[in-house]
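You will see subunit A twice below: alongside subunit B first, and alongside subunit C after that.
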Partner chain A sequence: MEKLYNFLPAFIKEFYNNHFLAYPLIIKVAYVGIFLTFFVTMFCYLLVFTRRVVQASVNKKAEKWKAEIENILTNSIIAFTSEDYTDEHIIEITENLKKLPLKKRLVRQLIINELIFLHRNFSGKVNTLISRIYTSLELQKHSQKKLRSWRWFNKAEGIAELGEMGIQESAGDFLQYVNSRNITLRMQAQSGYLQASQTDPFVFLDYTNQNLLTFHQINLMDILNRNKDIKLPVFSKWFTSANDSVVIFCIRLTVRFHQIDSVKDLLRLFNHPNEEVRKEVITAVGDLSLVDLEQHLTIHFRNETQECRLEIIKTTGKICSGDSLNFLSDLVFNTDFSTRFEAAKALKRHGEMGEERLFRLLETVPEENKSVVLHMLDTKLSA
Partner chain B sequence: MQEIWNSVIVNYNHFVFFFASSIMLWYLIISLISIREILLYKRKNSFIDFKKLLSSPYTPAISIVAPAFNEGKTIISNVHSLLSLQYPRYEVIIVNDGSSDSTLVKLVREFDLVKVDFAYHEHITTGPIRGIYKSTNLAYSKLIVLDKENRKNKADALNTGINIASNPYYVCCDVDCIIDNQALLKLIKPVIDEEKRVIANGAVIRIANGCDVEQGFLVNVKAPKNFLTSIQEVEYLRSFLLGRMAWSKINGLIIVSGGIGLFDKKVAIAVGGYDTKSFGEDMEMTVRMRKYMNNLRIDYQVKYIPESLCWTEVPPNLNIFIKQRVRWTKGLVQTLLDHRKMWFNSKYGRLGLISFPYWIFYEWLAPLIEFFGLLIYVYLIVCGLINIEYSLLLLAFVFSYAVMITTVSIIWEEYTNQVYKSKKEIFQLLMVVFLEPFFYHPLIILSSIKGNLSLMFSTGHQWGDMGRMEMEAPAQLVLSETVSQKTDSNGLPVENYKLAKNPAQTFKTDPVPNSLT
Partner chain C sequence: MKKSRILVIEDENLMNRTIEFQLKKDGHEVDTALDGKTGVAKIEANYYDLIILDIMLPYLNGLEILAKIKQNPERRDIPVIIISATGLEDTVLEGFKLGANDFITKPFILPEFSIRVKRLLMLK
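Presenting the complex of A and B:
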């Protein structure tokens, strides 16, 4: 403090000794406050003006390097969309890229970003070529370094890069994060493992004890849609999982990959204690058009919760076998609006025979229930 | 007697000092929490590709509910804009709240609408419905227009829209607002990416005055040129960007904007929809939804995202501005009083112990305390009982503190959204910050006092007139319509255009509280 005091100009020293020390505490606080707020405000001003300048300069550099990287990569890769590549070709591309200043973090990251972009947009042999360029440049070492960072977003970035490039040796490292309390890191670890593990890509589901959120499921589904090479197990294996969100996800995957052999296991889930799981099973019955199970659903109807009942009605509408016409017609008389609306809608989905039933119902249903029938019969609404 | 009076004055001074210090400390805490949260949000979203939601069958469907009252001038472009949002499954419900202009006629013609036998069910009791319209053109299959009798009440129009919404979530917005193309994708994300059930989610609302808008789409973002609107932009930034993010973090947010907000339809219906007697229906509804979840002991969250997803026009002149703020004050006080059982009530957790006390002391009572403080200040000066040097120093401190907090919010905008292209615009906003305490803050206090008095002495609700304020617009810019008594074959009023000097434009933006939040 004394050193700092010595640095102060004479007029400030004079003010400090003759005025400031004599002020009451509140006024001293106000003086210090004014000084600090002034300093912070000025710092903010400085940030505004320097930020844009710095940003513009970084963007300019990035654009220059990006153009060069794109030039090398796209030219090399497009050539191999129609013909096979050899190890010599990979060496040649790698050598070209090594001419760039790879020691610079910006350049390295730009190359990784570009490779990831291309990897996502190409499939087959070009996809493998891109992964090989990534490893030939030893860029996986930089991604793995991120994985060891204490910052969660660096770890997540590292996982995303290694996962996208399918670096199998890192897959095991991702497993420790599949139950992370950090939702984003958890999601990246799940997707990374699915992409990187070539032997058993779904094994992370065995370890997942946290909620597999809807967004995470969407993310995993997207990866599965993009990567046709991922080895698919029989998903019914996880129907007995203690984690209900894993069960729901696996029901969805069973439907997505049409694993009809799992129907028997699916049937057992009708008695699952979780309403969400039962609802998903009912949806699956409709999506897989399991006509044989339609009767089973209508029998279960009475014992179900309102949510599941509505799902059963929707499912009978999806199956459209005609076996549930009486069941649905009775429900149009129900006192609950949603039930009668969904029942009328399911009848409508039955096509001509459903419509005929709706016309007949128009004459028999009470006045207050007619609106749902009229709604379904209005051709302008079904357009 | 004089001694007692002097003692009262001195004690009041001390009280004001400690009260002001606590507000300043609170602002500092709120700002720091917000800065951290915004950074976290940005980092989290750098890993997110929102387009994945577009192709997934598991993305929840959304209904947009947009009430319209005499919006004939802009309704077509606004609806086109709403129909072109990026989202896999959504419907747009326009509630024509008994407009007396050509709003409905224009909608019918532009979108090939026909009256349908829609099964309307009153989950929430509302005013009478005159008809429900759907388009015969498949390109507009997402659109539903609901024509209802005007009850001079936006809440009633919203409730009608909720009644016909077919999806589990609804986004409530003002039809004249400009919504970001990816707004629905961004609003739904917390719902499907949080451990707890998200019952409502809000976003940053920005000021459209000065921006280039073409056919309901925002073409170019520009800082407002008018002094009053510029100052409001600064206030919106401080309130929406710096304030609400912190409240969201501590799960204490009690207002999700009527300008744009996503709500869980089941919960909204379970609490009986928007309160038609409230002056601040969006705040009241959020509080009631939270109360409901607390009473049921269900874990939930009210979220907020620091992205500019909605652009709205704000009052460009003093008269309308004060009217708007008076209404907001009334809405705030009414909501607080209606839910007084929640005050300091540990049963409601942070809501009862942090949010309500904050809103009571720092939003409702602060302007009143400040006003009385000013009166006493003047009295002390007149009586020569004040140390002018010290009092000016304290005022300078308060001023510099206010400038710092607002400057930080502008800087944070620059770091996060960076909507303004030129440095000049940012500089313009930074200059406005210095004038705010002198010209704008007194107006806020005045409106607050007026609002309190108005609520105290009002005999009944005059929502319709208060809620739908008019502003002057250049006569050469717009065509206003008056409705003739003639009707067409559909039973719809036939429009009769004529050039108007003061075309109606409404301001139904979200209440920005007096201070930070």
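Presenting the complex of A and C:
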């Protein structure tokens, strides 16, 4: 304390001895409070200012390096689009990129970002060329290092990079995160595995015990749409999974990839205890236009929940075989509004034969149900 | 032979440059814009033989620009290729309804892109 006192300027010492010590306690406390607040505020301002200056300098440097990297990459890519690239070409591009200070983390990250951008946006030879440049520069080591970080977003970034570049040797490392409590990391691990594993890209579904959110499913579907080379298994394999969200996702995949051979397994799911799963099966029957299963749906109707019942009605409207006209006509008399509305809508989707049935129903349905039928027959709606 | 003038409106700099390089390599004269507003200003000030449009753009999106081109009697005949990361059916249909001549979904193959450009210019 004495040492600190010696360091103070003379005017502060004078103020301390002649004024501060003479003040009452409350004033002393107030003074200390004011001083502390002042210094903490100044420190915060200084911190923000320094960080902004540093960030601006980093951004400036990044812009410069980015332009240089873009130049090398665009020239290299265009040079090889119309001809087959050889190992010599890869070496040439790699050597050009190695002229950049790769030891700097910023430069390495910028190269990775640009390579990933190109990899996502171009297919064909350019796509494989980019992956080869990435591994030739040994950038996968940089991405793998991120997996060991304690920060979840670094891990997610590393997985995204390795997944996009299809680094198979890292795929196994992603599995430990497929059940992470962090939703983003979990999603990244699932999509990363799907992209990186070349032998069995859907194996992560065996390990997933967390809910596969709709957003995750959209993300996985998007990857499947973009990467036509991903090996597709028979998705009915996961119809018996203990994780219902995995079952639902696999039903959707069965529909998306028209795996008609899985119909028998799909049938078994009609008795699944989860209403959401059964609803998805009903939707699948409609999307796959499985006419043979239409009668099966109408038989199940009575034992189903309201949600599934409505889905069955919609599905008969999608299949439009004409076999369910009587079933739908009866439902127009139902006391529940949604049921009779969906039934009338499904009849309307049957085209001429459905409309004819709706006209006939106009004469028989009670007054309160007529509005639904008239609504469906309104020509302004179909126009 | 007169070089064809092509305008590329794409907000991602690397993408923009790659397309520009490819088109220049194919022997075209290329002008670029990184946002919708600049793109529209360039279309109004110059005449192009072909316009390549991204869907997601700052200020004005690709479909809005396309609508503007087709409303302009002096520019409506310029063929337009839409490039998009989304291959969503609705977006594709909306693009064609508005008068787009071709639709390319990312990721795409550069040589195929060159051929599509060449084909549209020949048809013109």
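Here, the second predicted complex is superposed on the first by the 323 of 383 C-alpha atoms of A that agree within 3 Å, B and C clash if a C-alpha of one lies under 4 Å from a C-alpha of the other, contacts with A are read in each partner's own complex, and residues count from 1 in each chain.
Keep in mind that, in the parts below, a residue touches a chain if its C-beta (ideal position, glycine included) is under 8 Å from a C-beta of that chain, and two chains touch if they have at least 3 such contacts.
From a predicted model like this one, the values you see are computed outputs, not experimental measurements.
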Looking at A:47 after the superposition, I want to know if it touches subunit B, subunit C, both of them or none. Which is it: first, second, both, neither? first
One more residue to check, A:127. First (subunit B), second (subunit C), both or neither? second
Which of the two partners, first being subunit B and second being subunit C, lies in contact with A:168: first, second, both, or neither? neither
Going by the contact rule set out at the top, does A:226 touch subunit B (first), subunit C (second), both, or neither? second
Answer with first, second, both or neither: which of subunit B and subunit C does A:27 touch in the superposed model? first
Chosen between subunit B and subunit C, the partner touching more subunit A residues is B
Is A:378 in contact with subunit B, with subunit C, with both, or with neither (first, second, both, neither)? first
Applying the touch criterion given at the start, work out whether A:78 contacts subunit B, subunit C, both or neither, answering first, second, both or neither. second
Doubly contacted subunit A residues - partners subunit C and subunit B: 225
Which residues of subunit A touch subunit B in their complex? 24, 26-27, 30-31, 33-34, 37-38, 40-41, 44-45, 47-49, 51-52, 153, 156-157, 160, 183-184, 187-188, 211, 213-219, 221-222, 225, 252, 337, 341, 344, 371-372, 374-375, 377-378, 380-381, 383
Quick check: in the complex, which residue numbers of subunit C touch subunit A? 12-15, 17-18, 21-22, 25, 85, 87, 106-112
For subunit B, which residues count as touching subunit A in their complex? 17, 43-44, 46-47, 52-53, 55-56, 58-60, 114, 116-121, 123, 134, 136, 138, 141, 189, 192-195, 390, 393-394, 396-397, 400-401, 403-404, 407-408, 410-411, 414-415, 423, 426-427, 430
In the complex, the residues of subunit A that touch subunit C are 70, 73-75, 77-78, 81-82, 114, 117-118, 120-127, 225-226
